[in-house]
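A short worksheet on the structure shown next.
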Amino acid sequence: MILKKIVFNVNGVAAVRGFSDYVKRDLQLAYRSLGDTVAPLIFFTMVCTLVPLGLSPDTQRLSEVAPSMLWIMALLSTLLSIERIFIHDYEDGSLEQLLIAPQLIEIPILGKIVAHWLVTGLPLTLMSPLLGLMLSLPGSAYPALLLSLAIGTAYLSAVGAVGASLTVSLGRGGLLLPLLVVPLYMPIIIFGTATVTFAVDAMQWLGPLAAMGAMLCAAIALCPLAAAAALRFSSI
Amino acid sequence: MILKKIVFNVNGVAAVRGFSDYVKRDLQLAYRSLGDTVAPLIFFTMVCTLVPLGLSPDTQRLSEVAPSMLWIMALLSTLLSIERIFIHDYEDGSLEQLLIAPQLIEIPILGKIVAHWLVTGLPLTLMSPLLGLMLSLPGSAYPALLLSLAIGTAYLSAVGAVGASLTVSLGRGGLLLPLLVVPLYMPIIIFGTATVTFAVDAMQWLGPLAAMGAMLCAAIALCPLAAAAALRFSSI
Amino acid sequence: MAMGSTKWQWFYRLGSPRWFYEISGRWLPWLVCATIILLGVGLFWGLALAPPDARQGHSFRIIYLHVPASLLALAGYYIMAVTGAVGLIWRIKMSFMLMKSAAPIGAALTFMALFTGAVWGKPSWGTYWVWDARITSMLILLFLYLGVLALQRAFTSVEAGYRASAILALVGTVNIPIIYKSVDWWHTLHQPATLKLTSASSIHTDMLEPLVVMVCGFYVFYVLALCLFTRSEIVQQESATAWVKALATSESRT
Amino acid sequence: MPNDYLISVNDLCFERDSLKLFGDVSLCLSAGEILLLEGPNGCGKTTLLRLLTTLLKPTSGNVYYCGELLDKVRYQYLADMLYIGHQSAIKLALSAEENLTWMAASEGLHEPQMVRDALQRMGLGRVYDLPCHQLSAGQMRRVALSRLALSRCRLWLLDEPLAALDAEGIELIKSCVRKHLDRQGAVILVSHQDLAAGPMRKYDLKENCF
Amino acid sequence: MPNDYLISVNDLCFERDSLKLFGDVSLCLSAGEILLLEGPNGCGKTTLLRLLTTLLKPTSGNVYYCGELLDKVRYQYLADMLYIGHQSAIKLALSAEENLTWMAASEGLHEPQMVRDALQRMGLGRVYDLPCHQLSAGQMRRVALSRLALSRCRLWLLDEPLAALDAEGIELIKSCVRKHLDRQGAVILVSHQDLAAGPMRKYDLKENCF
């Protein structure tokens, strides 16, 4: 009977419900504090406008740094928002309730990661062409930019969730988070900028993109497990 | 008698005590959560190491972007930490108590700004030569880098405090904060990078530095007023 | 209430949403007519009658949207800041309502200036975007507007939203001259001023006259839009008061 | 352990960072009963309750649910248990109705009408659609506790549910608890106020804490 | 307004976003008295208390302190007033002692021994040097309330001070309040529990709220 219950929860309707429930709930919350949700986007935009201000308004120069700038800014705006994936739930006790729900918590966590990507990574990806334009990125690079950002931001969300779960019980110690996750982010940044730079230079960019895809698959499989483990001991 | 009390509070010992008390308290709190405190620094370092990864490790190229990179990173690490200047106090009720203290609240606010600068801006300034080295900034630029960062980060803290006070009652809606303050930060970024770039190019850099100094003076005079006004209504 | 004293009577009345609603209701038809006439004449004159530019051909005609939008975007910020300051100092709700309405209009005009500028940039400079000083400061202005808008929306308490955005608008005003100064200076630093093709002074009178009409038309349009936005804000905020309820019933009856 | 207790605790002992908090806690509870955990501030009542939720792990000792070791029947136990702690798991940006809908869904209840009724019964009929950050302390507590009006779990673990409630609110909770006990449910209650709602066991933690 | 009331409130009315919360609240309090504000959850007790702290501004009506309009004697009033609300202004990273030292300093008291004594009296002798996030709910409340054992303010405004306290804690607060009343202090108390510590006026807000 107990076994039945577990099995039912693992691969049955309940698991799916747990997943989509959490996606929906987080999207609902994001919608309620819309200011919060669009903020990373605006942040992304604004910091991208800072680059020419700081650097030089010279088109040639800008287009050289554009790929890496766009990527670093995407990383920063994820860093800025990833803390919030669990901290609200921790502070108001929802996380406690999640941990004592009769179900595998990996599924809801994956749901939360997906929701995070939907409200930060995806809009950011969709907006990147505009910023590319402002940083005078050559036209040929846009497909690579879009694809690499789409994959890359999902990776950032997944890996960031692990960092966030580790620091969540430190309360607002979220400043520790960058320290934990930036090293984990390095590979994807390297591949991401490589993809766009290759595209700018009219080289074959599917190679680095494929590597990013592989990394994303691994992250989606492993990160919820790691985050769940971290959350379980965070309540001690 | 009442008048005496007010006068006493405005320009007497009490005002000074309010100021230094708050500086001390915030420093004590920062020391207690040291992880939080050093995190922006580490963040600053890490992102500076990301830049050569994303860009190219070519020394010439790096030294060209170094001034603006250092400056943008300083801005980002301030943005990352400025929210915390009031939000903790708001959440645990200390801000309420500050608002009903029998004193001008501008003084404690200035104290908090100074404390914020002491734990973020100052260490960051002191660490910047190291990062300059990593980004192969030419030797002649270090005095300009140090001075401009010292002044500039103080300005960032002061102006950021206004933004933080406006968003504090939105709870963790601090993601809105970048949108509010980055436009206000743009001039200082322009002058700051100009100072360092001038120094790199062996031009006279005291001009932009003086402009920054003037802006800082204005900010120190006005920002506590604006922040106090914003905090007073935040309790509606 | 201190404002009840006779000295402040006029000021107090000015601060009454009801009074504004009624008086603006009387203005509305005139404003609508003036807007239609001025914009209609200006557009027809500028787009159809004015001669094409020697160098730019017909693409220069964007000027008839671009310049008025840019001018009003700038002026709108000051209107927003002044109404915000009045609201903060004298605690006049009406003034806050004007400020709140000025924000979306200003943001839209700024966006329009940027958009028309970008569209114009493609034929004249060969690119949609350059980091010219004026353009950059316009972009910053857009961010300032967006900040005010976002802050207003973020508060659940209307009153708090008013005051917060008013303070932000004021702080922004202090910064606007600095922004202009720094950006201008930044631009001359890095790049010789080669970008603007036709300077305003050298513009031909045939082109200038419709432009003046368009600018006037935009001003009237701005006032009209401000009135409309403010009226809807008034109805929204004062929906609990007797006079708005009476208004609603009388409107549903007719 | 006899099988007729819903939950029984045997020689439970808890230490945090090798600092012993309490030891030798043994208690048991049958269906239809309330257990009131008492003790002075800081003696470990909340900690004990959290041990029973499985959020914390005991240093030694065992907990049995329906006569089976808790670890063995963990999923079943979690499905049968409702915990309402100090933190109320309420999202401030959502309305009372949305919050309760979500909480009910996580117990598998999906009828909007039930949620509306529960809020009505808890005296939140006028504020059910306000965002929760606009509620007063007592109203917030009522939102959290309105799960009690819905829940079908057999075991309720309640940590100071009565704080901030007015007399009417306490009566409401009492009636919820009474109904629950009638349905053969059980309640473990931590409270400094009394809740005389049915057959009550008391357990004073004072003697067990260090 | 007669001068012999410490604080008196005249026809106070408060609306939030033009939604009327309560109206026509008139009450007064002499030195040496407690005023208990009563009313069901959500009727506006906390709001009224916050109006009296000057954190909120009334829509209409006046508050007099010692017979003077509150706005005129604001600084004096603030210096004489102590407010302890739901939020306890405790820094979780600091110990009870450090927290209380800071709070005492903001009232102008700078003696470490007094702080230590106050904590001892509030039954926090064993935990005074732990960081506050390691304290239980009741211990935390005691830290916040230990200001009462120190304060020299004439008027105390307390919002549900007794929540989470055990019987001993309530006795401690009672004795603090009694001492305060003996010193010609006054207390305005919002509480759903009774605190029989001296001459008590009651004011029920129920009839005034909308």
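The chains carry the letters A, B, C, D and E, assigned in the order they are written, with residues numbered from 1 in each.
By our rule, a contact is a pair of C-beta atoms (placed from the backbone, for glycine too) under 8 Å apart; a residue touches a chain by one contact, two chains touch by 3 or more.
Predicted, not measured: the structure shown is a model, and the values here were computed from it.
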{"item": "Chain copies touching (subunit A, subunit B) - same or different residues, decided at half shared", "value": "same"}
{"item": "Centroid comparison with subunit D (C-alpha atoms), farthest chain", "value": "C"}
{"item": "Chains linked by the largest number of contacting C-beta pairs", "value": "A-B"}
{"item": "Gap in Å, rounded to a whole number, between the CA centres of subunit D and subunit A", "value": "36"}
{"item": "Where subunit C and subunit E are represented by their mean Cα positions, the distance between them in whole Å", "value": "48"}
{"item": "Inter-centroid spacing, subunit E versus subunit D (mean Cα positions, whole Å)", "value": "30"}
{"item": "Rounded Å distance, subunit A centre to subunit B centre (Cα mean)", "value": "28"}
{"item": "Overlap residues in subunit A, where contacts from two or more other chains coincide", "value": "33, 35, 39, 42, 46, 53, 88"}
{"item": "Of all residues in subunit E, the ones touching two or more other chains", "value": "16, 86, 92"}
{"item": "Set of subunit C residues in contact with two or more other chains", "value": "140, 143, 146, 150, 154, 157, 159, 186"}
{"item": "Listing of all chain pairs that touch each other, if any do", "value": "A-B, A-C, A-D, B-C, B-E, C-D, C-E, D-E"}
{"item": "Residues of subunit C that touch subunit D when the two form their complex", "value": "156"}
{"item": "Touch list for subunit E against partner subunit B, complex", "value": "16, 50, 53-56, 72-73, 75-76, 78-79, 81, 83, 85-94, 98, 102-103, 105-106, 131"}
{"item": "Residues of subunit E touching subunit D in the complex", "value": "39-42, 44, 46, 86, 123, 127, 135-139, 141-142, 160, 163-169, 192-193"}
{"item": "Subunit E to subunit C touching residues, read off their complex", "value": "16-19"}
{"item": "Residue ranges of subunit C in contact with subunit B within the complex", "value": "88, 140, 143-144, 146-147, 150-151, 154-155, 157, 159-160, 163-164, 167-168, 170-172, 174-175, 178-179, 181-183, 185-186, 189"}
